Structure formats: structure tokens, C-alpha cells
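Chain IDs A, B, C, D, E, F, G and H follow the sequence of writing; residue 1 opens each chain.
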Amino acid sequence: MIQLSFQKERCKGCGFCIEFCPKKILEFSQEMNNLGYRYALVKDLEKCTGCGICASMCPEVIIEVKEV
Amino acid sequence: MAKGYVKPTTLTDVPWHFCPGCNHGIIHRLCAEVVEEMGLQSQTIGVGSVGCGVFSYNYFNFDGIGPSHGRAPAVATGVKRVHPDKLVFTYQGDGDLAAIGTTEMVHSAVRGENITIIFVNNSLYGMTGGQMAPTTLLGQKTSTTPKGRTREQAGYPMKVCEMLATMDGAAYIARTAVFNPAQVNKTKKAIRKAFETQMAGLGFSMVEILSACPTNWGMNPLQALKHVEENMTAVYPLGEYKVPTDPSSAGSF
Amino acid sequence: MKREMILAGFGGQGVLSMGLFLAHAGMCEGKHVSYVPAYGAEMRGGTANCTVIISEDEISSPVVAFPETIIAMNHPSLDKFEPLVKKGGLLLVNQSLIHRDTVRDDIDSYEIPCQELADEAGFSRGSNMVMLGALLQLTQMVNNENIYEYLVKTFKGRYLDKMPLNQKTIEAGMDYVKHLPVREITNIA
Amino acid sequence: MAELVLMKGNEAIGEAAIRANCRHFFGYPITPQTEVLEHLARRLPEEGGSYVQAESEVSAINMVFGASASGARVMTASSSPGISLMQEGISYIASAELPAVIVNIMRGSPGLGGIHPSQADYFQSVKGGGHGDYKLIVLAPSSVQELIDHTMLAFELSEKYRTIVVIFGDGMLGQMMEPVRFPEAVTSAVDRPWATTGMQGRGPNIVHTLYLPADELENHCFHLFEKYAAIEACEKRSSEYLTEDAEILLISYGITSRVTKAAVEMARENGIKAGLFRPITLWPFPDEALNNAARNAKTVISAEISMGQMIEDVRLSIRDRIPVKLFNRIGLVPSPEEIFEAIRKETEV
Amino acid sequence: MAKGYVKPTTLTDVPWHFCPGCNHGIIHRLCAEVVEEMGLQSQTIGVGSVGCGVFSYNYFNFDGIGPSHGRAPAVATGVKRVHPDKLVFTYQGDGDLAAIGTTEMVHSAVRGENITIIFVNNSLYGMTGGQMAPTTLLGQKTSTTPKGRTREQAGYPMKVCEMLATMDGAAYIARTAVFNPAQVNKTKKAIRKAFETQMAGLGFSMVEILSACPTNWGMNPLQALKHVEENMTAVYPLGEYKVPTDPSSAGSF
Amino acid sequence: MAELVLMKGNEAIGEAAIRANCRHFFGYPITPQTEVLEHLARRLPEEGGSYVQAESEVSAINMVFGASASGARVMTASSSPGISLMQEGISYIASAELPAVIVNIMRGSPGLGGIHPSQADYFQSVKGGGHGDYKLIVLAPSSVQELIDHTMLAFELSEKYRTIVVIFGDGMLGQMMEPVRFPEAVTSAVDRPWATTGMQGRGPNIVHTLYLPADELENHCFHLFEKYAAIEACEKRSSEYLTEDAEILLISYGITSRVTKAAVEMARENGIKAGLFRPITLWPFPDEALNNAARNAKTVISAEISMGQMIEDVRLSIRDRIPVKLFNRIGLVPSPEEIFEAIRKETEV
Amino acid sequence: MIQLSFQKERCKGCGFCIEFCPKKILEFSQEMNNLGYRYALVKDLEKCTGCGICASMCPEVIIEVKEV
Amino acid sequence: MKREMILAGFGGQGVLSMGLFLAHAGMCEGKHVSYVPAYGAEMRGGTANCTVIISEDEISSPVVAFPETIIAMNHPSLDKFEPLVKKGGLLLVNQSLIHRDTVRDDIDSYEIPCQELADEAGFSRGSNMVMLGALLQLTQMVNNENIYEYLVKTFKGRYLDKMPLNQKTIEAGMDYVKHLPVREITNIA
């Protein structure tokens, strides 16, 4: 099973992870973080393959993908 | 592709100052990953520059130097002559490298100085608020080309890879981008080749990376990636412009 | 008579245009004015603030250590500037983003629900205009007749279509403070 | 009378250059000066002039050399590190006696430092950052209106004496806005019979700085310094505030002179006989005027945003008759309160 | 060939300081002849440099400027922007142009600045007594490469024409020599083409001329010409590296 | 005792650097300094060091930055115009507190000037040619032997205080030959825990000069000036000749101090009570020592090969108690006779 | 007939004119000029074709060739 | 005792090596010496000269306005330096290239046919060595025993094969002045 973690307080809402996730299982939050951005979160972890593409596109290096 | 992703130990935990979607972040990460994968964290000296990458020495978790604007290749030369066995690379923007730093760049290639330049080309001066750079595209609007860059007034986009590839001292010269996952992987491979070229003592190496500056382009992050893919690559073709000829060159070629 | 103000918030909240409006208004009404933005290396995000002085006489120092009026649009700004308000001075707080009470009791402070009022006015990005309205109403600093003219000047005639909406939002801020219960100003001086 | 406009310092400089009939600008971006470039990049083409963004400050100053040598009114602008890169070119321009205007919107130093307001390039511009014996006229405006007036004056003086004139500003002056009025535009082009414009109807004009025979070099330097003596005789500028009976005299220039003036006002309100002497030309330094302004002073305080540079000219001016103290902050423009506090301390002792 | 020879009026009568057999003299003469033949004596502003050509402004009989070491192209840019219709050319040695002046050279080409560079390449710093330049041949002995230039320590000879030919702003780029009468004629033609390119407003032009420095090469004048012919041309091939594509280009193409 | 060898000044500097265990040199040719390069280009490879001929002085000073930052003893050498091009880099090195030795064999200026001996870069090196607040130790040798001794001292001081030390020579000192003895070679390498050598067994070392928060920049400048105060307290150097009863005191440094000494000898032979005060460190300037040496003087003459630069420090040192005159020539080293003549004139009035 | 003139006091004796004269009718003087060089002179003017090659190679521009 | 000399001629005449020889000789004989070449921009041609001082005591000024000894190898040098010789000083003139008489009558001057003597000695490029010999003979400045050693030092041990020839040529110069009729030195002092 895949463990996906986002450091939401460091997310700047660029949307790269959301855009490039092959499974399209990421989306923006409704609320804003303290930086004033809508941050990325997982809507459907089940479908995650752990491919790491989201992390490989994240300009803030705040996504970790682990198999557990 | 290897599953999962963990942040490399070659990056500190300092929060980054980049704007949303700035490609500097991706490029920082790739440099750090390659250094870690090559096992060179304690053998690397990174030479920053003045531009939006100015804080690289705070973000990289290895020795770092903050030189004056444009002079990184000269500073790196000084470092390398003292530590010939260490990995020494510069991280420079297009204003820093291709404008004020032209002489230092060209002559580190002429000398075949055994260093690597990571060249982040976002076609303008980001840190100072988006003025024209030598790399600005024709027609591109910047704060100093309000009607778009014209040949008459400011000439033509400067093609650094094409220029340096003519030099005998240059061993590896490539241009890549990071506008999608595939390109990100290619960029990482190119950085690795460059670093391996240096560690094999084959001479000067440079990787030019086309990079998005959503803020000064007045685009959102995804539009900015598209702009790189569609407009920048047309003027700055991606690919390897020079590869080491020496057979003794590292395995990965 | 001299009014020294610091307007603070985070980038994008429009504190600088608030300051520009006040400087233009002051100038148009024949006063001496100065406007000093705090400029940052990272041009984006982070905090933004500006110092505006409107004065009958020539302005010597554009630098103000203890302003008489402070506008705090976000939490960090309140923390940073509340201690600096002159005794008997004025502190306006953006209630929508700041959830703590003010601590000074020797100044006159008001909480304004900028976001809510802006939304009501149909201009959700107009928090700064609401706050501006509140300030203008409380201080009667400028001639309300000319607000529209000053707005046009502030935006150098750009987005003219947006001006009425801006004015409307400013008025929302004015109305809000008009209907506040009148308070005794604790002036320890 | 021209209408009042609210304008940013850097833009005011750019617009003033155009009013002074300058149609050629060569520069390189640097915070906190960049708006000078941005303004001229937009306006010069409108006026039929040319804006060239140089590839570096070294190139910029040498483009200025060429444009001035061939007869044009020309300006460049930068900030501290960029001005350092111009030092060789400045020495050449001074030796070739070419008119030119250089704007320095000083920032935090040394090294990369930062973008804070600063006054730490005094030695460089006033004493000589380039090699050899030469002088530059250095004007120190203190308001956006003065940025305009001094820029226009700078072009006039640079032509009159065939010299570089430096506009000595700082990050705050460059970034702040104040209401200003622009004077009438200058339209007359000064003619330069010595300029390299093509030898139509005359022999060749040559602009150079090489004097191999020792006596030629010596004569050239003596000639330059006769010119400098004339400038010292005619162009010293300063202003005073409540100096007549001042027992504590503050000396400061540029943006700092304004907060210092406010501090002097506070001191007077508190019954302290303080006064302000403000040099407007840093070179030539108004030494006699200062010495005279200090006649009743018991203490003199040089207030600078530096570790103490102008203070040397203050000491030389008053010939060390009176104790000279330094008040300084780095990285910011001090508040009137701080300076007043320093004045008050003096009265205690 | 036109019979006879008379010294052009575009040269003054000042005696020259060059050493016996120095090719600077021939090249000075050719520049002056072309200016005269094009009828541009009163329309020309020559920008010298610092090197053995430093006194060109005394030898040419037209307006002249003596700039700082390496910055001639920037100075010429300033001149040209003020006088777009005049002939503006720089006269620079290899140390001046290819070492300290690299940035100014490259960016006048990037901007397509409408000026001409006359580049006198004698493979070392002549005026200062024969130190290595970026153009020094491998193995060549100079006062700072007493055992001959080596790759390891100082890299490779710098090929300026090859480098500038990659630039969109460069209209005419050629390399010639003056080691015999035929080459002298070719050089004169190239200089004329370059000047015509400029007067036609087609952009940046440069003529690199391989030049003998008998004194610092430790050769007699005739040996020095042979050295250019046999050794220098092998490393620096003669020819036109770029010619104007624009059809509106001047007649002589 | 080491044998006497007849050696040219520039070569002596190069050889002294090697004796001081300097193994890295970066420089660019320029008359009258070039023999420093030529000597090191030959000798450094023999000693397993590296000579890199930089493509310009701008590059040279930045190579010095890199080599010093990563732990090496390093030197560069140039002459006036080349030193001007190093001003930005010098400000960076000063801010980063990197040890480095810079040789300036001064030549005729301003502009291209010529290759004559000169002392006209005093303001640039002593007051500050680069941007911002910083100081350099400036040593002024007056003989070929001193070129050696000062070069070795320079490396020591630069390490001790983490600062740039400038060897202030001129064309004549660089070109002349005198018999010299070399001291024992230094072999110990100083360790630099802060250097960027690769983070083996420690956290990352960072060498930079950017201080964005105002208070950080202010603290950094205050820190630098505490260090400078320590240098002023310990490192002022000067020498005196017949000053005890001197009524006419001459002040001069470097090569000029030697002809001045001869002039003082002539004066004494003619019954004139003249004396010589010679600053050896130009910064820190030996002000107390000078003030003391001038105690019986009725006139003070600053003798310089410039239009009058050191004279300002002379005036500041003696606090303008006594009239200070200037004797100067440009383009050459004056003869003892000329200076004696100037002394004699003083006695007439 | 051809008139050939050399400014002998400015000749530096490089020998280019002598070397490249197709008719080989130039040679060095025995005496030195005031610069201390053996200068070039014509030994057989008759054979001169006036081609001007000597002048075109002279680094000092001190040769004039005229038809009279 | 102190001897100040200026040696002058045009480039290639070897005046600098003459000076170097004297400086080395002085040093080897335990004297203080200084050698100052006049260096030029055009490294070649033009005039060359150097100032050499040999002294019992430490040398203050390496600069000499009025030298006690002058050697003029060519015409321009004679014109330039003859007026500067100290009263009672010594002037040596290279007769082979200088065809005018000396004018000073308050100094001791000698004409030496350097070229002819050098040719005789079989070393036609040795004019300077002839002149050196004349100087050494007239002044007895150095110990003639060691001339060979000093020559080797002067040329840093290079062209050793040429040393005997140099020595021979020096001796030719010495012999020449030895056989000159002894003259009264007109010393107006």
C-alpha cells in the first residue's frame, strides 16, 4: 500500500502534481494555508500507484511517496 | 521507474523563496539528487550566482559559495584549481551567465576548465523584476522591452549551447527542459552526464535548462510550462550539442 | 496638522494601492505628502507595507518610527506594528484575517470585517477598499466628494470600469464604521 | 506653472534626463535602481532617442564613453556593486574630459550586501574609486523634486566643465514617491568641437587618455586639476537650518539630512540649540561654509548611513577645532527619534 | 592589378613605432586604403584598442578614439548609436578582443550591432612583451608558457570566427592573413566587404587577420611570415565563415 | 645566512610569495607588473603549484575569491587600471573576510595614462575604491628587500585577520634591481575551518556576502569594523629619520621616501633641520606616530607622486596644527635635488 | 618609365619588399640608416614593372611607385 | 665612497648588460648597489639607459639627477646626458657612432672607437664590452681578477662559450685607455 504525504503548509498551489498525476487523483483544497495558497491533496489514495511523478514535478519538494 | 519518492539528504529543510511554479525548485532538486546518487555530498562545492537562485547555498546541503554577479565560473575555477578531485559546479541564470558573465563562461570553456555549469535559462532577469536578457525571445514583452524585443534595438536571442559547442575545451554541452515528467528525467540524466564528465576529468561541461518564470511572464504555472514547451524550445532546440569523444569517458555514455 | 500612517498586510492585499490613494488624495487637496514603500528582494509574497504622510507643512522626515495611524491587514502586521502606534493614535484591524484582540488600551482601535463587507459589496477582492472606507470615514481626512477622482488618479486611469465597484466598496467600509457605537477614546497623554 | 505629479524617485530621474535633452542611455538592471532603466526603455524611443541595455556595467560605462566622445548627452545608472565595476571606465572618462551623468542609487554593502538604502559609497565617488588623480562632481539630492532638479543641473555642469557628475541617491529616495513639478525641457544641444563626429570640414578629432612622455602626463594632470580648482571655486553648494546659534551642529546629506532636520526640530522643541548643515555637493565639499556654520558649535555630529566616511571631510573642514562625533546606522534610514536621542546624549555630557 | 602605389590620404605622416616586419603596419594600411576608396574619410570614426595597435588614432587620418583595454566594441556601440550612418570600426588585438574583451565582442554580435571589428590575431600579448593569449597555439612558447602552452594548464586556442559565426546577429565573419601579396589582397577585399556590410546596415561584421609578431616569436620577419602560413593557418583556417544572406546586401557580394 | 642575489623587484615579489607557501596565483599581464606573472608562470609548476593566467583582472580577482574561500593561500598582481577592475571583487572578498594578497605596481594615471611610476592610487586602496564600508591593510615597501619582506608579512597578516593585504609598489620598484636575501621558506599551512573544502565529517561551510535583513547587515558591518579596530590597534607601522629636532618634517612612502631621505640628508648638510616620517602601513595610517614626530615641526611637507592624496591623512593625523604643504611630481620619481630645493624654499619664508 | 621611391630613413629592413618583388631587383644597403637598420634600395630600376607589390607588402608604407 | 653612473645608448647596444655587470661586480665586492633601467612602452628600438649606483654605504636614492659618470653609446644619448655630468665627473663617448666633440670642459671625457676595437677583438657585436673595459680601466672600480666571474653572473651562466670572447673584448677596451696619453683633469669646483 502507498503512503503519500504533502507538506501542506509549504505548498504554493502551482498544480503541477495535480496536472501530471497519471491517475488524476490529486486536487486543490478549498481552504488556504498560511502562505495564502490553496494546497494540493489526495482525493483518492486507493488509485495511487506510487509512481512518484507528482513528487518529481513538485518545485517545492514537499511530496513524499512511500510503499508500506 | 523506481517507485516512490523521498527528498534527498543533499537538500536542507529551509523553506524556499521561489514563486509558485518556478522551475528553479525542480532544477535545484535534480542537482541535489544527482550529487546524492553519485555519493558526492562530502566531495561537492556548489558555486551559486546572483539571481533567483541566489540562495542555493542555503538550500543545498553541501559546501557552497555565493559569488558576485556573473563571476561564478571564475570563482569555480579558483576552487577547482585548489581541489582538482572535488565536484565543482556553478548554478547560474541567463542574465548572470550569458550577459555580465560572458567572459568568465567562455574562458572556462576555452581553458577546458574541469567544472560544470548548470545554466537556468528563463529568458529574462527574474530577480530584478523581469527585464530583458540576451536570451529574451524576439517579440517577448519585458519591463525593458514594453513593446516586445526587436532585432533593431536589442538584437537576437543568444544561443549559448551552440556557441560553446564550437570550443575544443568543451566536453559535454546539452540543452534540456523540465516542462513535463519525461523532460525532468532527461534533465536529470544530462546533469548526471555532466557531473560524470567532470569527475572523469574530461573537461568543461554545461547543461542549459529552459525554465519557467510564471511571475515575470505574467502567466500561471501551467501556462508557463506550455510556453516553454511550445515557444522556447522552438528558439532553443533541446538536445546534446557536444559529448565527450574520449573513450575513457564514464560508463553511462 | 500632520498625519503619519503605516499600512501593512501581505503582498496582494492591496495595501500599496491604499497608500497610493491616500497620497494622491492628499496631494490633490493641496497638502504635502510622501509615500515610502518597503521594497523587498523577493518581489512577491511576504509582507508589504508603506508609510504615508499627509501634512499641512513641508515634510522633513519621510521616515516614521511611531505613526499616529496603523492599518493591519494580516496577523503578522498587527504583531509588528501595534506596539508602535502613537499614544492616542488610531489602529484599524482586518477582522476577517486577524483573530486576536488588540492589546493597547491607550489608542483607539477598530476591527473591520473587510472580507465579509467586500463580499457583500460584490467585490470579494476589495478588502483593502473596505478598510480604506473605514479609515476615510473615521478620519475625514479627505473630501468624500472627490473619492472617485482620486481612485482614477491612483490607478492612472486604468480599469475605469472597475472604479464604480471600488467606490461602492469604499462606501461599504464607511457605512460600517458610521453605525458603530460611538466610543470614548482613552487618551493617556 | 507645471502641474504637480506624484512620482517615484527613480522614474523622476529618468524623466528629468529626457527633459535635459538626454537621448542616449546605457545601463544594466540592479535593485533599487531598475526603474530608471524601465522608465527610459519606455520613454526614449517615444522621444526618438535610444535605450541600450548593456550586457554589464563595464560595458555600460564604456558605451557612455563612446556616446559622449562622439557628441551626445548621455547618462547611465546603477547601484553600488555596479558602480564598482565602472571604476576603470570612470577614470578613463575623467582623463578624456568627457561630460557624463552617472546615477548611483546606493544599496547595502560591502559585497552583495542587500538592497537597503545606504550612503557607504562616499569614499568611492568623492575620494576616487578609480585609479589615478581625478575628481567627480557629486550631487546629493534629498527629495524626489531634487532628484529632478539635480539631474538637470548635472547635465549642465557636466557640459560646462567636461566632467562626470554623479547623482548620489539611495534605495529609499529611488523607491519613494512625492509630488513634483518638472521644469521646462531643455532643447538646445551643446556643441562639442572636440567630439569625434566624422572629420567633415576639419582635421581629425581624437579622444584618448594615453600620455607616454612623463612631461605630457604631468601637464595633463596639472591641467585637470586647474579645472578642478575652478569647480571648487564656483560650485560648492550647501544648505543650513538653524545654524546661527547652534551649539550642536549635525552634518548630513541626502535622505538622511531630512530625518536629521526633523531631529533638529525635536531638539529645538526640547530647548536644545541644535542645527543642521547639509552638503549638497559632496565634491567639491563646502568646507568654508561648514567651518563657518560650526562657529558656535561645541560638538559636531556627522550623521551617515555608513561606518563613517563623510566624517573625514567634516574633520578636514573644521580643521579639528571641535570634537567630531559619528551617528550612524546601517541597512536603514534612521528615524528622527534615534538622531534626537543622540543629540540629547551630547547635551548630558 | 592597378599599377603603381601611392600612400592613401587616410594615413597621417607620423612615423610608426612597430617593430621590423610587424604585420600591424600592413593591416593599418589596408584599413586606411579601404576607407579612402569608399570615400568615407570624413564619415569614419575609428575606435582603437590597447595593444601594439594603441596608436592607430595617430596613424589614421580620420576621427579616432582610444578606449580602455578590451572595451572597444562597447565604445563603438556608443558611437554608432549616436551616429548610425557613419562607418564605425574597432581595431583590436587578440588579447584585447578575445581575452578581456570577450563580453563586449560577443554582445555586439548578439545585438547585431552595426559595427565592424578588425581583429589582429598574433597569438599573444605583443605590447606587454609576449605573454600567452587565449589564441596562443598549443606548444607555443611565450613568456608565461616557458615550456609551451599545454591543454592541462591553459586549454585550447580560441577560435573567434567559429564562435561568432553561430550568432544570428553576425552578418559577415571572415579570417584572412597577410603573409604574401595574394593574401594581402584577399584581406583588403574582406575588409571592404565588412565595411560594405556595415554601410548597408546588415549588422555585425568582423575580419580576423592572422598577423606576425617577429619580436615576441623570436623570429626574423620572413621566418615569421612563414610561421603564419604554415603553423597558424593550420589551427586557424582562412576563409569566410559567414556572409550576409539579405539580398539587399551591397553589390560586391 | 642566505646568499645575496641581485634581483628585480617584480621577480622578488613572485619568489617571496613562493617562500610564503603561496601555491596559487591568478593574474593578467600589465606593464610595469608583468614580471610577477612571468616569474610565477615558471616557478609555480616547479613547486607543484598552479599558475592560471586569467582572461581579465575581473576574472583574476574572482578566481582569488574562489581559491581563498576553498582554503588556499593565494595572490594576484596588477597595475592601476587592472586594480580598478577588481574593485567589485575586492568589496566581496572584504565582506566574505577572505585572506588574499593583492600587488599593485602603480603606473601613470588616470585612464590609460602610461607606464610611469606613480603613487596616485592611494585613495582607491586606502579610502576604498569598492562599494561599501571595508578596509584593506596597505603595505608600502621602499626597496626590493622590503618587497620580499612585506610580501611574506602580507600573507601572515591576511591570514591572521582574514583580510586583503595590498602590496603598494610602483613602476620603478617593480623594475629596479637590488641585492636581496630571502628569509626561510614558510612551510606550515594555516588551517581554515570555515573554508569550502567539501563537508567531510562536518556540516556545510558557506562563504557568502548577502545579508538581506537590515539588522544582519548592520551586525556584519559592526563586526567587520571591530576587526578593523583591532588592526588599527596593533598593526600601524612607520619609520623615522632625524625627526627628533626636525623643524621641517617630510612625509613620504615607498620609493619616494628614499629620495626624500636623500633630500633630508642634503638639507642637514646645509644646516636645515629637516626630518623624514615614513608610513609603512598606509592603512592603518600611523597617525599618532606622525603627530608625535611632528611635535617640533613648523612646516610639514607631504611628498607624493600624485596630485595630493596621502596629504589628507597627514592633515587628519596632525589635526591641522601646522601648515601642511604638498610636494609632488607626476610621471616620474623626483630627484633628491628637487625635494631639497622645496625644503630650502620653506626655510626662506 | 617607372619612378620608385623609398623613404630610407623610415625603413626598418624587414626585407618584405625584397622578398616579394617578382623581378628580384631590390636589395639591402650596406650602410645603416639613423634607425640602425640596413634599408632597402633598388639595384636595377630598368627591370621594374611598376606592379607595386613591394609597396603592398611594406609594413611602413614608405614605398611609392609611379609611372611617369 | 659612492659612484653614480648612467649608461645610455639605443636598444640592442647592450647598455643594460653593461649596467648589470657593474651592479653584480659591486655586489660581489661587498658594496651596496642599485640598478634602475629606464623601461619603455615600445620594448624595442628607441633609446635604452640605466642608472647604476655602487656605494660603500646604504643607498638612499636610486634616482640620480647629476651622475658622476656617463657612458654615451650613441648621439642622442650624448646630447641628453652630457649636460648632466657632475663637475669633475667622467664622460665616455662611443666614437664609432658619435661624430661630434664633447663640449663640457669641466669634466674628464674620453672618446673610444668601440666598434673598431670590437672588430679587432673579433667580436663585432661587442662594442659595449669595449666600453666597459675602458670604464673599468679608468676607474679601477672593480678587481680585474674577477671580471670573468662577474661576466658569468651577469649572463646568469648563459652562453658560457661566449665568455672568453667577452673578456678578451673587455681587455681590448682596457688596453686602449691604458695607452692614452695621461691628461690633466680640468676640475673647476
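Heads up, the rule we're going with is that contacts are C-beta pairs under 8 Å (C-beta built on N, C-alpha and C of every residue); 3 or more make two chains touch, one makes a residue touch a chain.
No experiment lies behind these values; they were computed from the predicted model shown.
Note on connectivity: the fewest steps through touching chains from subunit D to subunit G is 2. In this assembly, the chain whose C-alpha centre lies farthest from subunit G is C.
Centroids built from CA atoms put subunit F at 29 Å from subunit D. Separation between the centroids of subunit F and subunit G, computed from CA atoms only, is 53 Å. Rounded to a whole number, the gap between the C-alpha centres of subunit C and subunit H is 89 angstrom. Computed from the mean C-alpha positions, the centre of subunit A lies at a distance of 60 Å from the centre of subunit F. Residue positions 41, 45 of subunit C each touch two or more of the other chains. Annotation for subunit F: residues 31, 50, 52, 55-56, 58, 81, 88, 92, 111-112, 114-115, 208-210, 212 touch two or more other chains.
Against subunit A, in their complex, subunit B makes its touches with residues 1-7, 11, 15-16, 18-26, 28-29, 180-181, 184-185, 214, 221-222, 225. Against subunit H, the residues of subunit F that register as touching in their complex are 4, 6, 31-32, 114-115, 171-172, 175-179, 255, 258-259, 261-263, 265, 333-338. Here subunit A touches subunit B in the complex through residues 2, 10, 12-16, 19-20, 37, 50-53, 55-61, 63-67, going by the rule given at the top. By the touch rule above, subunit D contacts subunit B in their complex via residues 28-31, 34, 37-38, 41-42, 45, 50-53, 55-57, 81, 111-112. Remark: subunit B residues 41-45, 47-48, 54, 57-58, 60-68, 71, 74-83, 86, 103-104, 106-107, 110-111 touch subunit F in the complex.
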